[in-house]
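In the two complexes that follow, subunit A is the common piece, with subunit B as its partner first and subunit C second.
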Partner chain A sequence: MKAKLCLVAVAALVIWGMKRHYSDAGADDLWWILSPTSRVVAAVTGTAFVAVPSEGFVSRERMFVIEKSCAGINFLVAAFGMLVVALLHRVRSGVSGLSVLAVCFSAGYLAAVVVNATRITIAMWLADRSTTLPALTSAQVHRLEGIAVYFAGLVLLCELARRVDRRMGLIGRMA
Partner chain B sequence: MTIGTRPTLPRTFRRAALPLGAYYAVTLALPIANGATHSGGAFVTHAIVVFVLPLLMIALFCAVHRAAQVLARVARSILPAARSRERLRKRATAIEYARAGE
Partner chain C sequence: MARRTRPAFVLRHPWRHAESSYHAQNQCVARRRREGWRSGNGVALAGRMRLRPHWIANAVIALVSLAPAGVAAQEDRPPADKTLSPYFFVDGGDPAVDLLPLKDTRVNVAITGVIADVTVRQVYENRGTRPIHARYVFPASTRAAVYGMTMTVGNVRIVARIKEREKAKTEFEAAKREGKSASLLEQSRPNVFTMNVANVLPGDTISVELKYTELLTPTDGVYEFVYPTVVGPRYSETSESQASPEDRFVKAPYTHEREEPRSEFHLAGSVSTGVPIQEIASSTHQVLFRSTGQGRSEISLADAEQFSGNRDFILRYRLAGETISSGLLLYQGRDENFFLLMAEPPKTVARGDIPPREYIFVVDVSGSMYGFPLDTSKALMGDLAKVLRPSDTLNVVVFADGNETFAPASVPATSANLSRALQFIGRKNGGGGTRLLEALKQAGSVPRQPGVSRSIVLLTDGFISAEAEVFDYIRGQLDDANFFAFGIGSSVNRHLIEGVARAGLGEPFIVTEPSEASEAADRLRRYIDSPVLTGIDLTFSGFDAYDVEPRTIPDLFASRPIVVFGKWRGAPRGSIEISGTTGRGIYRASHPVAADSADGRHAALRHLWARTRIANLSDFGPAAQSEARVAEITALGLGYGLLTRYTSFIAVHEIVRRTTEGADDVDQPLPLPAGVSDKAVGMTSGFEPELIWLAAMLLALVGYLQVLRVRRSRSGAVA
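Right, the complex of A and B next:
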């Protein structure tokens, strides 16, 4: 119980730290998430992105900027918090708490890069076809797409975590 | 999202409660705690969209899953006749092979 409470407290601190870092950071400070995201988007779309100081990653050919607001920090925070709650029952000691924390952060970071790259790729695709949805402005389409992709990403990540957790439990019981 | 064989709406909502809670916490609760409501109607409109869209997605998932189940049931009720014909044809072919072997 004590280890679980400690883990929740540390997770809350990590979330607070990430939000604090995000509110103060410029695009240059977020290279640790913007750079892999832009690389995944470039690999999927075949578009070249160039790092521009204090702006982010720019594609001049597509007139598209992956900037601070595209970093996906909010998704990372949501994913990390969700995974900590989902895997809290695995914490039995300080060491297992630390490993759960590390797994949650790594999985959240990986998911944030993949889901955010998916969101940006779809946004680029939609930007080329903005005339096909006349009832909505491009900003509204972008917002709806962001909500749908982020929520779907969280649901899929949660299901994946539950399945892996169940399988690990089975392996543990068999061993 | 695999929810057993029958993902009823309440069951699916229970299953999606954790991601839904995490999403609402980050997109609604944290901004409200930081005073986003003071910024005027723009946040309220945004918040309504953020609140409603995931719920619609869950309901849509249930509807699509239910439709797929109904279609599968219809297909199963139509197929037995065709399946029994196919079984008879296979049995006849097997008997023919056996006789040819003799």
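Right, the complex of A and C next:
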């Protein structure tokens, strides 16, 4: 119980740290997540993105910028938090707690890059077509698209975590 | 026994012990429910209630995730230095702040002869509950001589004074700090102004009225009055920290494409020509016309045009018999006298021996041209291609962020090459920035053919902020080429289009829709082949004229009057002679100066002369202004009471009206010009949903899983 509470406390600290970093950071400070995200988007869309200091990754050809507000930190926070809660039962000691923390952060980071890149790719596709819906501006369409992709991403991540967790449990029991 | 179908989706709580089988888990859940949550790891809270670790984790992590990050933010972090660019207006936010302070723009036009006198009244209201300082960027005609401003707060009317720009700004900032209502009108470009209104209190209505005058010059017998209603979004590569005060208008909020303007637009007025009007119409707005006598008509916008402030208002009229108002106007002032000569041009003579020319078309395919403007541009290119002769050569440079040239060297204008060139342009869809200067340099670097005159024809909406650098470059290329500019779209940057033509000794054309393309293409060909008058010279006999503007008169391509402003002293007598060369030979015309040409109603000549002089010194002048030139423009602005890039109008209500601390700065959002897409507003950013949405998603997810779990446990218990 103590180890679990410690993990929750550390996870909360990590989330707070990420949020603090995000609120203070410029695009240059978020290179660690903007760079891989823009690479995935570039690979999928075939669009060249150029790193512009203090702005982010810019495609002048498509007039699109992957900047601070598109970094995917919000998704990372949500995914990390969800994974910690999902895998909390695995914590038995300090060591296992640290392992869970590392797994949650790595998986959350990977998921944030993939899901956010998917969201941005669809957003670019919509922007190219200047998509609007009745009674919705293109900004609202963009927000809706983001919510839908993120929700789908969280559901998939949740399901994936559950399956992996179950499989690991079975393996552990067999051992 | 019926087989239970395993659901495709997660039915179990994700953090349930993974090793339990589906059936076992059902039993486990049911047992736990029966046991009243007494088993498992938990912290006793009060008797039967226990907190499970995942509840604690949920609560803690949710709280930390949703807590505002701003509390941890370092307030002293310097803001990132970004490129100056327009951005999208975000509606909503704090309901206490009125984000749309400009409610109404009312324009009154009085056209008498060749002079238009325009009064623009902007009404600002604050329907919020906090005081605001409003800023509004708006356009005007490139030839507007703004000579007066008043501000009305309640029943108090304050006449604005003209001051040096910096002094006016300082005075305005002081009034703003002290809680006094004030307004400041600054020039950002000759056709772009910025109105600042400080301390608009909740419930306030403040109206600001400005007056300007302009000369209407007919082309091919058609008079045109243009009232631009919106400033298009400008492409800039200047960083915010290095931007001059004149450039800051670029950073303005825009609403999205196809959104209606957020403030009302009304226009009314009269046209009085003295000669019967043969035809009067507006191709841009629904206008109601009412004839009030011979050569007099009243105009007003139809009610349906209440929110039509997203495109230029263009009124065209033609006088009976294709006549144009020409002759000499004199004004005898207290200290100075002014004259205006509008000399009817000679008839165009088509030349038989037209030498071959090289045409290089420089076509804008940037984001702001996406859709309707680029379609219009392509239609125009098709028409321009038709007027070329096989003996001509052509090339095409398309540009956005970069540029691409159709052929390394210009190719003969054969039908096969024309078709290929049109296909080359046809593949472009519009996207990216607007690096015009680099494209013009690229066009200039195309290898020349000896003995062939070169014309560079620009097709663009002109939505850039580096106009002066473009004019500088063109002036440096005058030995090599003439420049002609086509402004494409519903609200083009006329300053750039007219400036390119003026600096390049060519002609400007505006094409607002594809149906105008064909006629514009014909005119270009006609103008280039057969200039109306070249080598124009002006001599004064017995008439003591001085400070004449323009100092040298450029070749006249289009059939329009030669316009000369100046001052005079002594008696109004003698004559003004214009000479030049037409297709037939030497041309001479003498215009007698008669005392009865002087009229007190010609007082506008004073402002128009000063505005013309300022335009020649400043509007299309070099990007870097010398100190002497700055001083001269400032003196003209102060002396003649005109708005210039170095003089501003300021009005201060000398009563402290805001006694509470603080007020919000509000930039009035501008509509995108009709037909312009969202791609014109800088970069699209793929911002992610806010954390509150993610929290809602997680809650929905957890809630859904819980519902399923409860249902399953119930069905398990029944089984």
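By our rule, the second predicted complex is superposed on the first by the 170 of 175 C-alpha atoms of A that agree within 3 Å, B and C clash if a C-alpha of one lies under 4 Å from a C-alpha of the other, contacts with A are read in each partner's own complex, and residues count from 1 in each chain.
Here is the rule we go by: contacts are C-beta pairs under 8 Å (C-beta built on N, C-alpha and C of every residue); 3 or more make two chains touch, one makes a residue touch a chain.
If you're wondering where the values come from, they're calculated on a predicted model, not measured in any experiment.
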Taking subunit A as the common reference, can subunit B and subunit C both be placed on it without clashing, or not? Answer clash or fit.
clash
Quick one: classify A:V8 as touching subunit B (first), subunit C (second), both or neither.
second
Please tell me which partner, subunit B or subunit C, touches more residues of subunit A.
C
After the superposition on A, what does A:L157 contact: first (subunit B), second (subunit C), both or neither?
first
Return first, second, both or neither, reflecting whether A:A86 touches subunit B, subunit C, both chains, or no partner chain.
both
Can A:V50 be said to touch subunit B (first), subunit C (second), both, or neither?
neither
Touched partner set for A:E67, first subunit B, second subunit C, both or neither
second
Under the stated touch criterion, which partner chain does A:A102 make contact with: subunit B (first), subunit C (second), both, or neither?
neither
Thinking of the overlay built on chain A, is A:L136 touched by subunit B (first), by subunit C (second), by both, or by neither?
neither
First (subunit B), second (subunit C), both or neither: which does A:G26 touch?
second
In the combined picture, which part of subunit C sits where subunit B already is, 182-190, 596-604 or 704-712?
704-712
Can you pull the subunit A residues that subunit B and subunit C both touch?
19, 74-75, 77-78, 81-82, 85-86, 143, 147, 150-151, 154-155, 158-159
Any idea which subunit A residues touch subunit C in the complex?
1, 4-5, 7-9, 11-12, 15-16, 19-20, 22-24, 26-27, 54-55, 58, 60-67, 69-75, 77-78, 81-82, 84-89, 116, 119-120, 123-124, 127, 130, 132, 137-139, 142-143, 146-147, 150-151, 154-155, 158-159, 161-162, 165-170, 172-173
Residues of subunit A defined as touching subunit B within the complex:
19, 74-75, 77-79, 81-82, 85-86, 143-144, 147-148, 150-152, 154-159
Residues of subunit C touching subunit A in their complex?
9-10, 12, 14-19, 41, 43, 53-54, 56-58, 60-65, 67, 69-70, 72-74, 77, 80-83, 88, 90, 256-259, 367, 371, 400-401, 431-433, 677-679, 682-691, 693-695, 697-698, 700-701
Given the complex, residues on subunit B that touch subunit A span 1-2, 16, 18-23, 25-27, 30, 46, 49-50, 53-54, 57
